[in-house]
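Presented sequentially are two complexes of subunit A, the first with subunit B as partner and the second with subunit C.
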Partner chain A sequence: MNKKNGILVVLGIILLVFPLVVHSDYYQHLIIIAFIWVIIGSSWNLLAGYTGQVSFGHAIFFGIGAYTAGILAMKLGISAWWGMMFGGITAMLIGLFVGWVCFRLRGPYFALATLAGGEIFRLIATNWEALTEGMVGILIMQTFRSKLPYYYIGLALAASCIYVVHLTMKTKWGYYFVSIREDQDAAASLGINIVLYKNISLLISSFFTGMAGAFYMNYMGFIDPEVVFSLHFVSIMAILVGIVGGVATIWGPAVGAFVMVGLQETFRSAFFGLAPKWVSQGHALVFGLLVIFVIMFFANGIVGDWEKIKKIFFKTRETT
Partner chain B sequence: MALLELKNLVKDFGGLRAVNDITLHVKKGEIFGLIGPNGAGKTTIFNCMNSYYPITSGDILFKGKSIKGLKTYKICHLGIARTFQIVKPLARMTVLENVTAAAFCRIKKIKDAKEEAHKVLEFCNLTSEKDKLAKSLPIGGRKRLEIARTLATKPELLLLDETAAGLNPTELDEAIDLIIKIKDSGITILIIEHIMKVIMSISDRIHAINFGETIAEGTPREVAANPAVIEAYLGDDYA
Partner chain C sequence: MKKRKVLAGLILAVVLVFTFGASQSMAVDTVKVGIVLPLTGSLAKFGEIEKQSFDMALEEINAAGGINGKKLDLLIEDTTGRPDVGRSVVEKLITKDKVVMIGGGYSSSVTYAAAGVCQQNQMPFLVNTGSADNITSSGWDWIYRINPPVSKYAGAVESLLTQVIKPKKVAILYENSLFGTKGATEFEATCKKLGYEIVLKEGYEHGGIDFKPVLIQVKQHNPDVVYMISYIMDASLLMKQSKELKLTPKMFIGGAAGFTLPEFKDNAGVASNNVISATLWHQVLPFPGAMDYYNKFVKKYNKPTEYHGAEAYAAAYVIADVLKRAKSFKNTDVKAALDATDMMTVFGPVKFTTWENMKNQNKVATYVVQWIDGNLELVWPKEGATKQFVYPVDWLKIWGY
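Up next is the complex of A and B:
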């Protein structure tokens, strides 16, 4: 336990000092994006990994959070930082509605319903031009020129999200979430109100995802439906972050976020300009292969199968 | 007053009447056996009792109050707990976590819930398995875990669905001992069982059904001698 805490403290210090040492906007930007993914990944993990309700529609909450902040700032002139709170709360209200509809379904049917939900919200955001400006998108003034404040706000949000998930899983709620994942009927017969606790899990999850969306709005200054309600850039990416890092582990989504953002950037920039340009088109393909690889060999993700991964590396070192 | 009362219980699945007009009374403190050939409707009755299925007509009274239409989890809170014939362990949780999750039914604090879980595991002889994942238990252990979990919810009435099925002779004796121990702790038991050694040796009264209908009720000896029961099990040549 102490060794683990030691690693955490060292990692924390590295993350705190990083932007003071590395002044490059580019690398700071990448880490801020990774922080956003830590939040979305951890929230997704609470609902899908721990509670077993696999969502293919987390873009709903991300988009709602981003649009809440954006619309409040653009139309009403309310600071987009207030929008972070409203973004989370609005995403939660939408979460209540999504839960009311989708929790009537179980397993893969729930997943498909959330998938459809994500597309519905994207189309609403595209077509309700009076409110959302449609495909033109929303542009607001960023508060800070420097990336530094965003970096620390992102870090604080990511850390508190992980901490909340960690705390939640230690309480009765945590036991109930996992029981529901393992067997809904058994859980109900043990006195667990499965509808209520699924909704609690969804509300926590949607709140943090909405906050992440509002933070994204603040940081990027521009959103449109194709970005924040995107199926493959948000909903699927959330699943990838969770699966690659480790479903139903506290640190899995954090690790997954950094791995996925790193990979995405590596491909987007065609291996930092070293490879021919067409390589950048291949990232979706590589993500697919990566998921197949992870599910076949490390079904519990990098964190969940860490012992296994360590063993493989240890063995190869021994033989060479 | 009976602890549990089924009044003219009927359950239809489309055109099939799985349970037809069953009336029975379970008194406080007894072990009440429910027997019948395969497909007689025993498990369906259990599923109606904990609201896993909605009932078609009739009523179910627990301590004189109707529990018809209540949600499954509420019935557990009222004090009726059940095990499943096809065991449903919470596979990727440890045995202790399985029982702790159930203990939250009555206990708020996590420390107290764990303590209660330890007590129940001790009672069910599962203490040595407490840190194993539920999925790694053999069938005997899983059946015990099912019982342990229900006990952690502190029920007044325990519904046991074929707890002894699939056990070897040693495990069978242990299961009988456990059931008697549960009865002695003051819990009323309604048990479905096929294994006659179990049902005949522990039941105070037995209710026999076939094709969803009552065919006999009485002490184990009376029911075993009843021609309708013999016919249902062995055919009319023996009746």
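Up next is the complex of A and C:
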């Protein structure tokens, strides 16, 4: 336990000091993007990993959060930073609605319903041009030229999200969530209000994802329906971050987020320009292969199967 | 065990040094310009033809002495066709690669997002294709554009409609994208102005493959003209499926983009015959080097080129010209040189002025091309046309029914 805490403190200090040492906006940008994925991944993990309600529609909350902040800033001139709070809250309200509809279904049917939900919201955002500007998208100018404020806000958000998930899982709620995942009928027969607790899990999850969306709006300054309501680039990516990092582990999504963002950029930029250009065209393929590899050999993700990975790469203790 | 850990640490250190340090150690006597294009994803075909043209122009420029003796270096970066990636690519080019200006810009939404970053960072951005009006009508003074805004794409089509086709009923189909939506709205306004009835205006989703439901609707309305604003796969599929449904208006008109690429003919096959499209360029136009560029391109890449390629090729020469004239590579000096641009390119004269509600916008004439016997022929305006406009068309006979 002590060793674990030690690692955390060291990692925390590294992340705090990083932007002061590495001045390149570019690397700071990559880490800010990773923070956003830590938040989305952790939120997804609370609902899918711990509560067992696998969502294919987290883009709904991400998009709602982003659009809330964007529309408030563009139409009403309210600072998009206020939008972060409203984004979270609006995402929660939408979460209630999504839960009301989708929690009537179980397992794969729930997953399919959320998937359809994501597409519905994307189409609404595309076609309701009076409100969302449709495919023109919403462009706001960022508050800060420097990346530092965004970096620390992202770090704080990511840390608090992980902390909240950690806290929640230590309380009674956490045990209810896990019991629902393991066998919801058994949980119900023990007197757990499964509808209520599924919704609580969804609300926490949607709140943080909405915040992440609003933060994205603030940071990137541009959104359109294809970007924030994307099935491929948000909903599926949230699942990948969770799976690669480790489902139902506190640190899994955080690790997954850094791995996925790192890999994506490494391949897009062809190993930062060191490898031949054709490498960049293979990034989708490598993504797919990575997921197959992880699911086949490390079904519990990098964090969940850490012991196994350690054995393979540092198999020293066993041999001596 | 110790050794292994040390080794692992060493490898990590080397990797870190490489990734963080590699960019700083570039040669000094090059001038770096960032070019943002979609090289992967569904818009990759457009990115490819522009990249090939940029590459070709770059070779020639450097062979002719570069930028006052310095070598021009174009850092062509992949936006994957997504606005958010486009933004981070531009940020990377500005902060990590320290480019002196940005060029490229394909697809409106990516260009719009990237232009926002350039404006905020006071980085000159020479757009060559991204065509939504709001890219130059947002009041941004660091953004310059070679191609016309999408609202002007249909200029030549308009005169063809009024003088030859004279339709009564028009159907408009467009992809739900920034380019498609804006183009459709503009064309609708044009039709209303001319007194044509819009019987159908329908957007479809990006990546759609089954257009038959919407095409059946079109058929029921029996329009004289079907106007389509599409990228590449959708353009080919729309024509193929129109053929299968025997949808026969007086004319199929494409709103540039997908309808002029050689891939359109390859994919749509016989269904591409006699389809006309708005365009911004044709190799027979009397611009110096236009035909040369076309021939060199065909020789080098073994396929024809069209207006997207010409825009990119011209943009490379404008960039070189601007950097040669700039007093220094400071952003304000480059901007001053851009403001003073007045040159002839294969794409026609390039000069950035403020007109209507647009800033730093080049003026470009538009033309109409028609696919005749597998070749893209210039048919309108009549003077300078390479072939007579084929009209009226017996579609069923052409399609081999």
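Here, the second predicted complex is superposed on the first by the 308 of 320 C-alpha atoms of A that agree within 3 Å, B and C clash if a C-alpha of one lies under 4 Å from a C-alpha of the other, contacts with A are read in each partner's own complex, and residues count from 1 in each chain.
One rule holds for everything that comes next: a contact is a pair of C-beta atoms (placed from the backbone, for glycine too) under 8 Å apart; a residue touches a chain by one contact, two chains touch by 3 or more.
In this text the structure is predicted, and so the values were computed from the model without any measurement.
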(Q) Should subunit B and subunit C be called a clash or a fit once both complexes are overlaid on subunit A? (A) fit
(Q) With the two complexes overlaid on chain A, check the angle at subunit A between subunit B and subunit C, Cα centres, nearest 10°. (A) 140
(Q) Under the stated touch criterion, which partner chain does A:Arg145 make contact with: subunit B (first), subunit C (second), both, or neither? (A) second
Q.
Tell me the contact category for A:Met296 with respect to subunit B and subunit C: first, second, both or neither.
A. neither
Q) In the superposed arrangement, does subunit B or subunit C reach more residues of subunit A? A) C
Q. Counting only touches as set out at the top, which of subunit B and subunit C does A:Leu76 meet: first, second, both, neither?
A. neither
Q: Using the superposition on chain A described above, determine whether A:Ser24 touches subunit B (first), subunit C (second), both, or neither.
A: second
Q) Once the shared chain is lined up, is A:Ala130 touching subunit B (first), subunit C (second), both, or neither of them? A) neither
Q. Shortest C-alpha to C-alpha distance from subunit B to subunit C once the two structures are superposed, in angstrom?
A. 33
Q: In the complex, go through subunit A and note every residue touching subunit C.
A: 22, 24-27, 29, 33, 126, 134-137, 139, 141-142, 145, 220-222, 224, 226-227, 233, 268-269, 272-274, 280-281, 283-284, 314, 316-317, 320
Q | Contacting residues of subunit C [partner subunit A, same complex] | A | 1, 4-5, 18-20, 22-23, 39-40, 77-78, 80, 82-85, 87-88, 91-92, 94-96, 109, 112-113, 116-117, 120-121, 132, 134, 176-178, 180-182, 206
Q | Complex contacts: residues of subunit B adjacent to subunit A | A | 50, 52, 71-73, 76-77, 81-82, 84, 88-93, 97, 100-102, 104-105, 108, 110, 113, 149-150, 153
Q. Where on subunit A is subunit B touching in the complex?
A. 170-172, 175-176, 178-179, 182-183, 185-194
